[in-house]
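Chain lettering (A, B, C and D) follows the sequence in which the chains are written, and residue indices restart at 1 in each chain.
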Amino acid sequence: MQIGMVGLGKMGGNMAERLRRGGHEVVGYDRDPAVSDVASLKELVERLETPRAVWVMVPAGDPTHATIQELGNLLSAGDIVIDGGNSHYVDDQKHGAELGGRGIGFVDCGVSGGVWGLQNGYALMVGGEKSDIERLMPVFETLKPEQDGFVHAGKIGAGHFAKMVHNGIEYGMMQAFAEGWELLEASDVVTDVPGAFKSWRHGTVIRSWLLDLLVRALDEDPALEELRGYAQDSGEGRWTVQAAVDHAVPLPVITASLYARFASRQDDSPAMKVVAALRNQFGGHAVSAKEGQVAKGADAPGADVEPPAEATRPGR
Amino acid sequence: MQIGMVGLGKMGGNMAERLRRGGHEVVGYDRDPAVSDVASLKELVERLETPRAVWVMVPAGDPTHATIQELGNLLSAGDIVIDGGNSHYVDDQKHGAELGGRGIGFVDCGVSGGVWGLQNGYALMVGGEKSDIERLMPVFETLKPEQDGFVHAGKIGAGHFAKMVHNGIEYGMMQAFAEGWELLEASDVVTDVPGAFKSWRHGTVIRSWLLDLLVRALDEDPALEELRGYAQDSGEGRWTVQAAVDHAVPLPVITASLYARFASRQDDSPAMKVVAALRNQFGGHAVSAKEGQVAKGADAPGADVEPPAEATRPGR
Amino acid sequence: MQIGMVGLGKMGGNMAERLRRGGHEVVGYDRDPAVSDVASLKELVERLETPRAVWVMVPAGDPTHATIQELGNLLSAGDIVIDGGNSHYVDDQKHGAELGGRGIGFVDCGVSGGVWGLQNGYALMVGGEKSDIERLMPVFETLKPEQDGFVHAGKIGAGHFAKMVHNGIEYGMMQAFAEGWELLEASDVVTDVPGAFKSWRHGTVIRSWLLDLLVRALDEDPALEELRGYAQDSGEGRWTVQAAVDHAVPLPVITASLYARFASRQDDSPAMKVVAALRNQFGGHAVSAKEGQVAKGADAPGADVEPPAEATRPGR
Amino acid sequence: MQIGMVGLGKMGGNMAERLRRGGHEVVGYDRDPAVSDVASLKELVERLETPRAVWVMVPAGDPTHATIQELGNLLSAGDIVIDGGNSHYVDDQKHGAELGGRGIGFVDCGVSGGVWGLQNGYALMVGGEKSDIERLMPVFETLKPEQDGFVHAGKIGAGHFAKMVHNGIEYGMMQAFAEGWELLEASDVVTDVPGAFKSWRHGTVIRSWLLDLLVRALDEDPALEELRGYAQDSGEGRWTVQAAVDHAVPLPVITASLYARFASRQDDSPAMKVVAALRNQFGGHAVSAKEGQVAKGADAPGADVEPPAEATRPGR
């Protein structure tokens, strides 16, 4: 079928390519004229036959919002907009209502697959009206992997909600592997940590694509010496925790995984300054080498910090 | 090669069978005469040619300890004992020292694979002396899966340490999926939760054997209505957390997963009684319908409990 | 000074009373004519001399929002509105901007003190313009306790932000006591748990008002047998976690405290159904007594549930 | 009454002094002859009249163990040993059994109070036989604060168990304040963070001695700029978590507090290296600036690290 694609970056460009290989006619628009088929969103809309389908694949937040608003002004009743970006499900509901007021359909689509998607297909989680989704099925069939990889998850927002939860689960799984690695590295009996991970790839409960990736990373850098313990978080991790709080659902593991990333980006933990301060207060004002005190001129910070006796520790 | 197998239950029996299919000569002993090749451990030892190899596959703790002690009295210098059970790595170190004092080798082996192991092979994590492990390699080669599935992880104890960490990671991954499911179920936009999980099986970051199992479980019981939220924990989960504390390694996700299992087995949370008690105290003694108060004769406990005003909540 | 008070419930009524005892002239309005000095907000505004000060003490959310909007239409430039309810700091910023556009000042005030406040004073955390707060100081001086109990915490929203964090800390402290109690109760060596808590009231690191309250609760009900482990959460706890996520600040303790309350209100943990389902899958389809399976007709649920063997547990 | 005191350091010395001021006859022994009344444990025992009472106040672990063993050889049936150090309750049970075999009583006593104890008294939690404790009551009465501060918590081990739990609660409370401080500091509306803490000292739910200490610390260093976020943990925190695991009691808050201290002592989080490694793998091998990559020669580590695009992030 014919489809417009807005945003021809790494994701949008590859998806357009996969669609063309699958026999669809894609009219692409990007701010970069070098990759764009048309000069403007207006021209894109004019080039499509009604009823139109326009897939928006631009960064979540303001860019997606602006694109959908502009499309709302250009499209006609009966057309459909698909938001394939990483939007917050709450924004989907707003966009759905806005477009719905003009008779334009809206489908949200969470997409997983990254750089391997062009070849292997993209896992798609979609939300919206059944009739809209049925009209788009030829496109979804081409984009998805050979097996599984597609769900009509529910109402508008359900696609991004499901994708958000997918990413939350991903956070927890990554942190589980990470904690396991740290404990193995701390052990004085285990001497082949990369070998242990490799041994788990077949016949175990934890075999998974993430384990495969980790084995590959350890092949390249067996003790991960080339890396710092520092990780960004994407919006989905935060939204998952906020959705949990909104729905009164306890998510201890996913939240701990998000917080571990927050902490990894701190040079020094503000909270632990307070703990250090309190521990110094226990010892009274006479303590000379305070816990956590900034070591002026020391090369190895912390090396010379002698913790004060606990208030309740018997001396001798 | 020739090997003795002590314990012919679900695991030991299948492992003996896989070894026999692989061309090894297995002499098996079990307390149950119906499945045992010999009448006693003594006879088992007598039937084996020196230097002997005896694989112990009995429950961890006292049974394993008693078996290894008895074998220590029956075997000779140059023989090797393999503990393939779920022993604590700290016990391995004791067993290794005891047998070592008699010139008997000791190898600990964490085994993963369960009921599928007979057919697909068992993932093996072993600890011990290189020379002992080299002698046993024909056995390990037959037991392990076609690909990967074997590591000489380090010193005595390293095999069970690695298996323990494997199980810790497993706890975290299971809980991550569990939290994701709970949040999806709580959503009012997502209507096809089993479909969402199924859609993730290919092309996503979280594809894994556990996801496959969960999809299968949801195929059988889409809303898990036949189950209560109740889960046992195995020793390895607890040992993982205790090893973390011993090694000063923070394991927030694995620990949260263990605690979630503890909590699942409580009819009522003792800790939350204290929170309820404190909240009642905020309101002073005049509060009539106390939070958390046992609803006598109520069908739906909690339904009629009206939380007292927060101390700081403005009335109107 | 003269002040209007909107909302004469438990909190607003007592605060009005404390202000009158302190020599201020309070004109009170409440929907309940029995306690109200005036018939409407309009009459309240007419009764006050310019520049007016109106303290809003109604439930957070829609009631506060509606009240402030109506006041915005009735008041004049130079007047000040104080929101003393439990509003979200984000709402303060909106209210401040709306009123500011009409030249009306806005001060947000987090209030702590509950039923003891009338006698002992209320701790006040305020946010807003310095000039507005200076004008209101006579009122704050009368309301606050003899010692401390007042801070101009920062810009508009800072008062409720500080109160929100106060409540977050409160969650963590309550949960810390609760966990300690549960562990003491689980011990088989400690036989006088209430006595232990009582012994901590003087000379220890954890002496606190919350400990005093807990000792009082245990005096009344030494094993808390009259209570269920069930606790509501107030908005502030959720907002604290959401603010943490927004600010990328890890709050493991406060979040765990909130999640413990969420979990306390579940009859059965949905997440743990997934863990049970996965554990059943480990054992293959032949498992007869499934873990977590609903015990039909059993009086004591769970009592007859035999967990299946772990996939990797050696049998014997 | 007459009592022997072994260990005259900061705690033991002050306790001996408080006992003498209270009219007791204390014979003290310390390895340091300058403060010791006798030359050896043997002489100490000889100087005491039967039935003797000897208070051991030396570091937990080996020193306490050695002292109690030596006293076991020197004392007679009917004598009592009190362990006032920070021993693990599991060790108490061993010591009690060893001494009990010789007819010597054993009482464990958890002590709180630190440097203020000499003046204000020490909170005492004791475990052991009722008859032994009754004999020692004159000593306990003198040591404890005027009000409360004493509990016979249960069997041998109960005193140290209760003290251990006290410290676990202390960890949770400290972390709750610490998290609150960090969130306030991160806010862009709150400008007077020390003022907020000060305002909470009276009339609030969280008023406590720890809050008083924190206000004092903030008086000295309002933004805690002189401290690093680094905190030791004492044995009791670890024992609390291990006891929780042994008793299948979920302790999310206390455990999170312990883990926060572990993490504070890491220059870099090993676990987060794994997360960074996995995130790099998402992007494929073509990623040039890897997340978490060690910035060679950079002054501000991390400053120039550009996170790779998420696998699933749409480009534009």
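Here is the rule we go by: a residue touches a chain if its C-beta (ideal position, glycine included) is under 8 Å from a C-beta of that chain, and two chains touch if they have at least 3 such contacts.
By chain, UniProt protein names: A, B, C, D = Decarboxylating 6-phosphogluconate dehydrogenase.
Given the structure is predicted, the values throughout are model-derived calculations rather than measurements.
Engineer: Please report the minimal path length, in steps, between chain B and chain C on the chain touch graph.
Structural biologist: The distance in steps between these two chains is 1.
Engineer: Pick out whichever of the two, B-D or A-B, is joined by more C-beta pairs in contact.
Structural biologist: A-B
Engineer: Counting only C-alpha atoms to place each centre, which chain is farthest from chain A?
Structural biologist: Following the centroid criterion, the farthest chain would be D.
Engineer: More than half of C-D's contact pairs recur, by residue number, in one of A-C, A-B or B-C. Which one?
Structural biologist: Duplicate interface of C-D: A-B.
Engineer: Could you put a whole-Å number on the gap between the CA centroids of chain B and chain D?
Structural biologist: The answer is 32 Å.
Engineer: Roughly how far is chain A from chain D, going centre to centre by Cα mean, in whole Å?
Structural biologist: About 40 Å separates the centre of chain A from that of chain D.
Engineer: Got the chain C residues that touch at least 2 other chains?
Structural biologist: 112-113, 116, 167, 175, 177, 179, 182, 186, 205, 210, 248-252, 256, 259-260, 263, 265, 271, 282, 311-312
Engineer: Sort out for me which residues of chain B touch chain C in the complex.
Structural biologist: Interface residues on the chain B side: 7-13, 30-31, 57-59, 63, 84-86, 111-116, 163, 167, 174-175, 177-179, 181-182, 185-186, 210, 213-214, 216-218, 221, 224-232, 234, 252, 260-261, 263-284, 286, 290-295, 301-302, 305, 307, 309-316.
Engineer: State the interface residues of chain A toward chain B in the complex, per the touch definition above.
Structural biologist: Interface residues on chain A, with respect to chain B: 89, 93, 112-113, 116-117, 120-125, 127, 144-158, 161-162, 165-173, 175-177, 179-180, 182-184, 186-187, 189-192, 195-196, 198-211, 240, 243-244, 247-254, 256-257, 259-260.
Engineer: Hey, which residues of chain C end up touching chain A in the complex?
Structural biologist: Counting only chain C, the residues touching chain A are 205, 233, 238, 241-242, 245-246, 248-252, 255-256, 258-260, 262-263, 265, 271, 282, 311-312.
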